[in-house]
Amino acid sequence: MGAFIAFKNVTKKFGALTVVDNLDLEIAKGEFVSLLGPSGSGKTTLLMMLAGFERPTSGEIFLDGKPITHLPPHRRQMGMVFQNYALFPHMTVAENVAFPLEMQRVPRAEIVRRVERALDMVRLGALKDRKPSQLSGGQQQRVALTRALVFEPDVILMDEPLGALDKQLREHMQLEIRDLHRRLGLTIVFVTHDQSEALTMSDRIAVFNAGKIEQIDTPQMVYDRPRTRFVAEFIGETNLVAGKVVDAGGERAVVRVGDAALSVCGNVQPGRDVSLSLRPERIRLGSTPAAANALPVTVADCIYHGDHMRLVLKSGSLELVARAERLAGDWPVGTEAVASFDPQDCTVLAS
Amino acid sequence: MSRPSIRDRAWAAALVAPLVLFLVLFFVWPLWTMVTASVVDDAVTKVLPRTAAAMAQWDGNDLPPPAVQTAFAEDLRSAEDQQALGEAVRRLNSAVSGFRTLLSRTVTAAREAADLASLDLAAIDRRWSDPRFWRAIRDAVPPYTDRNLLAALDLKRDASGNITAEDPGTAANRVIMLRTFVIAGTVTLVCALIGLPYAMLAASASGLVRALLLLAVLLPLWTSLLVRTAAWFILLQQEGLINDALMAIGLIDGPLPLIFNRLGVIIAMTHVLLPFMVLPIYSVLIAVPRNLMPAAASLGAGPLRAFWRVLLPLAMPGLMSGCLLVFMVAIGYYITPALVGGANDQMISSVIAFYALGTANWGMAGALGLILLAVTLLLYVVYGRLSRSPQLPGGA
Amino acid sequence: MLRALQIVFGVLVVAFLILPIIAILPLAFTSSVFLTYPIPAYSLRWFEELVTADVWRLSIVNSLIIGIGATVLSTVLGTLAALGLRRSALPLAGLLRTLFLLPMVVPAVVLGVGMQILLVRLGLASSYTGVIIAHAVLCVPFVVVSVSAALQGIDPAIERAAMSLGAPPVTVFRRVTLPLAVPGVVSGAVFAFATSLDEVVITLFVAGPNQRTLARQMFSSIRENISPTVAAAALLLIVGTLCLAALAALLRRREKRATALP
């Protein structure tokens, strides 16, 4: 997999504040990579450096093997979709979409043809003479997307493009963008702080924290095999359990938590203090003792969530949250039960 | 955001430069010219350079030594520029009257004399044996003077150079300054008394009523100042609408004197400046959450207490800005007092205009202008601080 | 009780603010030579006087010449400066902004005295150039404030979007920044023109008899020998400024709508 976009040792400082800290990142052609993290973690700054609006303090950025670190934004051939769309308020929809083509000196007749085709594709052909302020949020979003795509750029950059939409529209647009990515084979770098958005759309997710990438992996790996405590907590909900490694070999380890010895996934040395990450939905509750990886628990609280219940379980000083499907029956407060899980569902975090 | 690059800065500087240049040339320089006009006093030095240099030898008692007299005669002989000579005469005459005839006679004599060193000035005119005239020349030769600035404050230097009060007969400036502050203060007070409740009314109203109340404030602001003053002139005159109306409903028998007096000035200036009071208070009040007064009421505060403890403290920054703004604009007012006021309602601007336009006395116009400028800028600095303070972290 | 008091107070203040301006208007149509009510008969004689009497006709022409000159000069200089001040790329930007606003603060008489002395020295006294320059100084703050507000309303992302779509900086300025700033420039120019039209004090100091403006002529007419021509001129000024105000309001609304994106 040859790198199409590459960041090499990129650092960005604003005064004394280091926003991006000696970072390496490679993105392949046709890949959909999400940059996920809390605000201030450096993901937007990284995107701005890729777009050319910010210069790295040190390090280089490459596009298709060529350094672009000092190339001005208008010569980078990257279509960008902004947080609030950044449509030109004084131009009509058609003029907005025609703008990048005019910049490339495409002949007038061809511009008209391509704009019309592009707008028809996103079902906005009828609105082409409207001003952006006369469109709904979802329509504005589609114009912004069309405008970024119409000049067939090498890379599409998206800076929280769906943040301003309501939940239903956002989910619809997520699917639409994912579909566009597949159909056109686009390379997309997508900044978001919404983990479910990143999980739904991306080929790979880069999780940012304090200017560094904590983990970059497929959505499944990021969710199931978080490498750090930050990733485990930032994506989804998890139970963090402290313990000591008593035995280890290969990808498996045995960790002592209280009186119980639990076998879990992870490559660690024996004798170390570690944290375990255990997702609520991976905890099985039963009334009879299970064979392995079982903890005796008491139901301390039961919270109704419509389609499922959340149970707070106590085992000695340990407190776990579990998700129980409605079909799995009722678990009144005070019930004694056994919680168990499969070794591959529990990950050791490097702590 | 990135810090601007050198190229950005060069661009910005190039864009700003024309206006900076323009304002330095036609705004800062004029003000500077006015300030210097009040302290520069070189009319005499220009004509009598040798005398000015020789004056150092004289202690000011009795008559000056012969060297001074000879230098003076030489200066007079070589005085070619009639206009400059005229200005010097005028300057000297304003100190001691009699210089006009004295100098013209002496100039003629100096030009005709064969030997200046032996010229006896006292023989040409007996007044040259009077030290008062020599002292007037000595006082007038330094190129800079504080005479105008002192005079603006009704002060002067006596014969021995000490600062003393001006004779009560000629002192008028302090009275005018006091009057300026009194008129401006009265207008500010009246504006505050009307403006605060009006702004509260506008802020609490909604929809059409609020729009109407605001339009009533903005419309005068948009109307030419001169039109508004002309309107008051017409309304307030003897046969004006107000007197007619009052007589028609039988409140008064004869017309009230409403124009060319203090009352007319206050009414017209209040009308002109009221928007400057209403708008700052309104803009502060509009930001106050609407449920604050009901909240205060629910906590047991009656309407008056709620106003006193909640709304008034919140309106305070706007009220202060409004007062400063009105006062600052009012002290510089010229047109309204000039048209609607009487002789005893003229403010400092009128006196400045009188000196500059009427008597071409730039020195006095400059000195009074400098005082007005200083007071205005001081108020502006306070206003700037005040209107910025609400945004300060931790500020009220 | 309180409600009634509020209504009475509100009506009284509105009347105080509006009525004087309205009261002067009908007098422009009086047939009498006195500015008093009741109006004996209506006529247009004072408007006729306004356009036929040399002093008045000349003053209207002068007001237009000087107003247009001052507007053009201050709008060009002020717009450039507002663009330069944007994003405060300059050191001392705050100080410069204060300098640009000061002509609004300094009492007109003070500036008038200085301007009079200086223009005499520069040989510009009693010339159109001198009066236009003096008026432009007073107009500059309005242009700077208005254009700066318009520029501040432009989302920087919009200009970035243009760059990312392939527009070099000059094109971004020409196609995006400038069109979005135009309403601010126009309303600044309207303010500038209205300011020049209404200016009396500085004009008293720097203009000669040949540069007498309408406002200046009204001033001396009220002072020396008031006639209903003043009311006619006032009507002309009110109608003129209201038209300009309406134009500015219209543009501001358009500007607001254009940038009112979520």
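As written, the chain order gives the labels A, B and C, with residue 1 at the start of each chain.
By definition in this document, a residue touches a chain if its C-beta (ideal position, glycine included) is under 8 Å from a C-beta of that chain, and two chains touch if they have at least 3 such contacts.
Remember, predicted model here, so these are calculated numbers, not experimental data.
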*Using mean Cα positions as chain centres, tell me which chain lies farthest from subunit B.*
A
*Central subunit by CA centre of mass proxy*: C
_Chain pair with the greatest number of C-beta contact pairs_ = B-C
_Centre-of-Cα separation between subunit C and subunit B, whole angstrom_ = 23
*Using mean CA coordinates as chain centres, what's the subunit A-subunit C distance in Å?*
55
*Per the centroid of Cα atoms for each chain, what is the distance between subunit A and subunit B, given in Å?*
67
*Contacts with two or more other chains, residues of subunit A listed in rising order*: 53
*Touching residues (chain side subunit C, partner subunit B) in the complex*: 2, 6, 9-10, 13-14, 16-18, 20-21, 23-24, 27, 34-37, 77-78, 80-81, 83-87, 89-90, 96, 98-100, 102-103, 105-118, 121, 133-134, 136-137, 140, 144, 156, 194, 197-198, 200-201, 204-205, 215, 218-219, 222-223, 226, 230-231, 234, 237-238, 241-242, 245
*Could you please specify the touching residues of subunit C with respect to subunit A in the complex?*
155, 157-158, 160-169, 171-172, 175-176, 179-180, 257-262
*Hey, which residues of subunit B end up touching subunit C in the complex?*
1, 4, 8-9, 11-20, 22-23, 26-35, 37, 194, 197-198, 201, 212-213, 216-217, 219-220, 222-235, 237, 239-241, 244, 271, 274, 303, 328, 331-332, 334-335, 338-339, 349, 352-353, 356-357, 362, 365-366, 369, 372-373, 376-377, 380, 384
*asked:* List the residues on subunit A that touch subunit C in their complex, please.
replied: 51-53, 72-80, 82-90, 99-100, 103-104, 131-133, 137, 140, 147-148, 151, 157, 164
